[in-house]
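Notes to accompany the following structure.
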Amino acid sequence: MKKMIAGVFGAGRIGKFHVENLLQYDNVEVKTICDVQLDHLIEWNKDKNIFLTKNEDDIFDDKEINAIFIFSSTDQHISQLIKATQNVDYIFMEKPISKSIDATLEAWEIVKSKSKTIQLGFNRRFDPNFKKVKEARVKETIGVPHVLKITSRDPEPPGIDYVKVSGGIFMDMAIHDFDMSRYIVGSDVEEVFVMGDALVNPKIKEAGDIDTAIIQLKFANNALGVIDISREAVYGYDQRLELFGSKGAIIADNKVETSTKLLTKDCSCVDNPLHFFIERYIDAYKNEYETFIEAFMNNDNVICSFEDGLKAELIAEACKKSYETKTVVKVRGI
Amino acid sequence: MKKMIAGVFGAGRIGKFHVENLLQYDNVEVKTICDVQLDHLIEWNKDKNIFLTKNEDDIFDDKEINAIFIFSSTDQHISQLIKATQNVDYIFMEKPISKSIDATLEAWEIVKSKSKTIQLGFNRRFDPNFKKVKEARVKETIGVPHVLKITSRDPEPPGIDYVKVSGGIFMDMAIHDFDMSRYIVGSDVEEVFVMGDALVNPKIKEAGDIDTAIIQLKFANNALGVIDISREAVYGYDQRLELFGSKGAIIADNKVETSTKLLTKDCSCVDNPLHFFIERYIDAYKNEYETFIEAFMNNDNVICSFEDGLKAELIAEACKKSYETKTVVKVRGI
Amino acid sequence: MKKMIAGVFGAGRIGKFHVENLLQYDNVEVKTICDVQLDHLIEWNKDKNIFLTKNEDDIFDDKEINAIFIFSSTDQHISQLIKATQNVDYIFMEKPISKSIDATLEAWEIVKSKSKTIQLGFNRRFDPNFKKVKEARVKETIGVPHVLKITSRDPEPPGIDYVKVSGGIFMDMAIHDFDMSRYIVGSDVEEVFVMGDALVNPKIKEAGDIDTAIIQLKFANNALGVIDISREAVYGYDQRLELFGSKGAIIADNKVETSTKLLTKDCSCVDNPLHFFIERYIDAYKNEYETFIEAFMNNDNVICSFEDGLKAELIAEACKKSYETKTVVKVRGI
Amino acid sequence: MKKMIAGVFGAGRIGKFHVENLLQYDNVEVKTICDVQLDHLIEWNKDKNIFLTKNEDDIFDDKEINAIFIFSSTDQHISQLIKATQNVDYIFMEKPISKSIDATLEAWEIVKSKSKTIQLGFNRRFDPNFKKVKEARVKETIGVPHVLKITSRDPEPPGIDYVKVSGGIFMDMAIHDFDMSRYIVGSDVEEVFVMGDALVNPKIKEAGDIDTAIIQLKFANNALGVIDISREAVYGYDQRLELFGSKGAIIADNKVETSTKLLTKDCSCVDNPLHFFIERYIDAYKNEYETFIEAFMNNDNVICSFEDGLKAELIAEACKKSYETKTVVKVRGI
């Protein structure tokens, strides 16, 4: 039986979370972690005994390593990815590919010929709710898709310092929703139109960004779409989706912790949406790894490729331009 | 086309409510109202021009009147009903038939031979929620019924003075649920067992009654049932029902005013159950009249007969005895 | 006590429905109905004894009549309205005001100086669901409004013949949603952007119209809005609304007939949204009349004025232009 | 930092499931598994390297082992438990304690003096839904508890061979609900009354058992309770609970896989209750281990003790007698 021997780039908060999960699979060994800083990993690694290094080549030159996970900071993604495609067949990389479309397009020119299996970390594709919506489209339970609606609201806005280097709300936050749009509708986005503003915090506007937007999409298959995003929903992480078509509609509501209802004189209370993204998407993360590991085991393709990541970025690019110009913008093809 | 010319006994709060509703049907004329007191009706009757009288014979002797509605106090029910059966073919009477099973049984001996159409005011049978549950049983969508569950909680307990003359919680309140049980399951109740207590207000116990009870039922078709009743649910009028069977279950939840959900930092709030019984059962009352009027127009039978009312009282009688003796009690047959 | 003596223009399907409802109010007398055709009313009027006439002046010249209801076809609205403002103080008129913005603006010049009370039939404002959303905004339960979302889908598309004379989807169908937008957000719409298509039926496109659209709104108070409309939702009349703000969100779901859930091996079924618009908005219609009658009794203002109707039409006008030009369009001011 | 070195008795289906979960805790080492059969464990143990043995003393005599898990068949429970109390301070044992109340009582006499920490595997106490209900009682959000209602239906009946040795529906299945009743209400059960039948499968009756029952409970604090159980709910594992009190009620509905709703012409479908008990209670199992491990680490008490297990069995004993005698039965004290 095949065994995955993994090398990992980057073990920050999310990287460690991923590694801890990967360690639970019998057929996966995390052999080496490479990070620019190692001190914070010593205690955490005590019972794991993973080889820690600052030298990237300890992963690239290790012939035993047959899968690479890239959880490093976004500016390291592309160089590590390109080297990884020279050394292993299976690569898992966190989104986004880069903060510059041009850099992403350049990388695309290099990796597209390599026929390596690259899975991007668009974890939401693996959420049971959204998978069920997608299945309803694939099985045509709701007929021909007419309208997609996504609500995507974070529980809290990021700090202004983060906003400044984030690449903007479309690339940083809505990118997930752009990927989801293509996945759910099963068609590329051709045109976008955006209205937006900083309604949550005016300092976000001063920092050159917005915090609230409504994004219209026109898909190649003629379906229409709308995404509304906000950096702050005080009641929790609001992640809903609806696909409407010629034979019906399917609506995915939020996930909650319990299915209890408390009835008192004042009101009937149900649970708020889960607040923390890891809690909200815990099943999605699990399914994401399993899909990748299964693809590795069976020499299969993955569900979310480099090309998908690139296309999401091109939609983000068009949205930024639409917001700035108040016009309909065509999404660049590849 | 047939026209219903109605005589009405009793125009208290609920009687007036009924009359106002009846007046909205084009094919119904309310000709005469007989009550022991008329003063409170003068103003209300101004634009209605109904003939008001204290003399019962103004209704019984009026050959034009072809339907009689009995909304008077319970102690007048039986004598008015028996005279009514001598004069008209269609009689609508509020529940319960009487406060004494023996009196009800005597009346049954008289009316059962008359082949008149008597509809009792078990309005809940006509509630869209509960009708849908019954249909699921009739169409066998849920297969053979195994377990019936009824939750029946009033929003507020009655005053102690009322409790003293109410005939007890089983005859006064649970009687609706006993009728509902037979209607939903489609079978007679053979045995009952009851545990109960005054948990809402100890003064109710001093007055010789209880305010909370769990009632088990064994039906002739072997199904089991359970009713839990309470005189006080602070969050509203709690009227739920569930039928479970070999092929599934159907659950009827409460009715609410709006289908809104308010999400704030503190909680996600939905509407409380409707509080007021008339508001809760407004559709049921409407359907109740319509069924009676249609039966009249088409010479049909009604859905809820004198016999049904009698059977509900016999279950109440058995429950009272079960509570007092802490034993299983067989329901008397007729 | 004041009494409303009503004259009614137009007794087609919806006009008769309205009259039947008005007849249930003790303080309202429907004295005269004027229609271009009377034959279809003879039987219906038998027990009502309303004076039927083809002569408009039988209403305008009747000094006893103190309120006028205009339920006639849209092309008669303005001329009847203007004459009505010369004769009575209270006028109720079905929407839309006219099919031509210019005609509506001309009428506005005439009626705005008259200080008469004109209520337009935007019944949805009076729906308990949407009223509760509006209250949450007024009471600031959800804080400052950021995003309004409306889903508005008809159960079935109209015939092509109707489409041709309808004035287009924005004026004919979305006009309700435009009025609702202003009502819920409490601010005027300044700019719109629209994407749309004929996804339900290509013949609608041939007839010069579309059947599916996503409409973006920018409000004067900086809030953003989005309306998605469709001429056909096979599962029922889909009328949902959501207001999201700095302190929370309130979501109004559809109305259903029963609150039952059927659980079988195959699925857990709940009721579909109500199909028929009268059934869906039955409470809204009732509240609409009551508000108008109360305003009449207390010499109060109404909730939905001529000006509101005009503003909804101006939004529709801007949407049409936005769809045709694929640009952001400013809504004309008045 | 303390480390738990565990010895495990029994590695059947559920035992292996538990061990796999325990292995995910950094501070837990599963050192030894003792089972009557080892062949089926060889492959499974390959990457785990746990010491496998048929000799119980390999666990009892190992001074390094400081916690014992008993997942063996019920007839081995008591002897292993008693020996375990002589060797370690922390013991986790699957329910039920034994199939004979007398044996359980005898064991109680021995273990009660040992002051060891014994946690019984009533996993449902650790379910987030039911924990939230309990918290509402503890915090008095719903006031004084009046009525507890539990619905507990298995998705499929066990085979007749199992039924014959199961100890009967009360000891085998309802035992969970008896424990839950005491936990939720926070009071002992004093009296029970049961009606039951074999409505799912008559062969279960031939085997001396029933498959459907309604169980009434009277608690020491005067609250009333009712449990309805069935061996077969075709739509899934139906596990609901409701606590009603003087200030409100809290209702725990079933868990579902997704929060999607599919609307088509035929119906609006939501997910059925989860079918498989491990899937349904996956969080409960996780919380159960964590509570035990935390108690071990902090020298704390556990939430579900031997005494709790004994009391659940005494309620089961009373229910069996009540069913057989059709009388109210007092629960034996200890």
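Note that the chains take the letters A, B, C and D in the order they are written out, and that residue 1 is the start of every chain.
As a convention for this text, a contact is a pair of C-beta atoms (placed from the backbone, for glycine too) under 8 Å apart; a residue touches a chain by one contact, two chains touch by 3 or more.
Which protein is which chain? UniProt says A, B, C, D = Myo-Inositol 2-dehydrogenase.
Since the structure is predicted, the reported quantities are computational estimates derived from the model, not experimental observations.
Asks: Count the C-beta pairs in contact for A-D and for C-D, then report the pair with the higher count.
Replies: A-D
Asks: Would you kindly say which chain has the C-alpha centre located farthest from the C-alpha centre of chain D (Myo-Inositol 2-dehydrogenase)?
Replies: Result for the farthest chain: C.
Asks: Mind checking the centre-to-centre distance between chain A (Myo-Inositol 2-dehydrogenase) and chain D (Myo-Inositol 2-dehydrogenase)? Centres are C-alpha means, answer in whole Å.
Replies: Whole-Å distance between the two chain centres: 39.
Asks: Can you work out the whole-Å distance between the CA centroids of chain B (Myo-Inositol 2-dehydrogenase) and chain D (Myo-Inositol 2-dehydrogenase)?
Replies: Those two chain centres are 42 Å apart.
Asks: Using mean C-alpha positions as chain centres, tell me how far chain C (Myo-Inositol 2-dehydrogenase) is from chain D (Myo-Inositol 2-dehydrogenase) in Å, no decimals.
Replies: Result: the chain centres lie 58 Å from each other.
Asks: At least two partner chains per residue is the criterion; list those residues in chain B (Myo-Inositol 2-dehydrogenase).
Replies: Each of 233-235, 247-249, 261, 263-265 in chain B (Myo-Inositol 2-dehydrogenase) touches at least two other chains.
Asks: Quick check on the complex: what are the chain C (Myo-Inositol 2-dehydrogenase) residues that touch chain D (Myo-Inositol 2-dehydrogenase)?
Replies: 233-236, 261, 263-265, 267-273
Asks: In the complex formed with chain B (Myo-Inositol 2-dehydrogenase), which residues of chain C (Myo-Inositol 2-dehydrogenase) make contact?
Replies: Answer in residue numbers: 24, 26, 47, 128-129, 132-133, 136, 141-142, 247-265.
Asks: Considering only the defined contacts, which chain C (Myo-Inositol 2-dehydrogenase) positions touch chain A (Myo-Inositol 2-dehydrogenase) in the complex?
Replies: 144, 146-147, 149, 151, 153, 191, 193, 195-197, 199-200, 212-214, 216, 218, 222-226, 228, 230, 232-235, 238, 244, 246-249, 326-328
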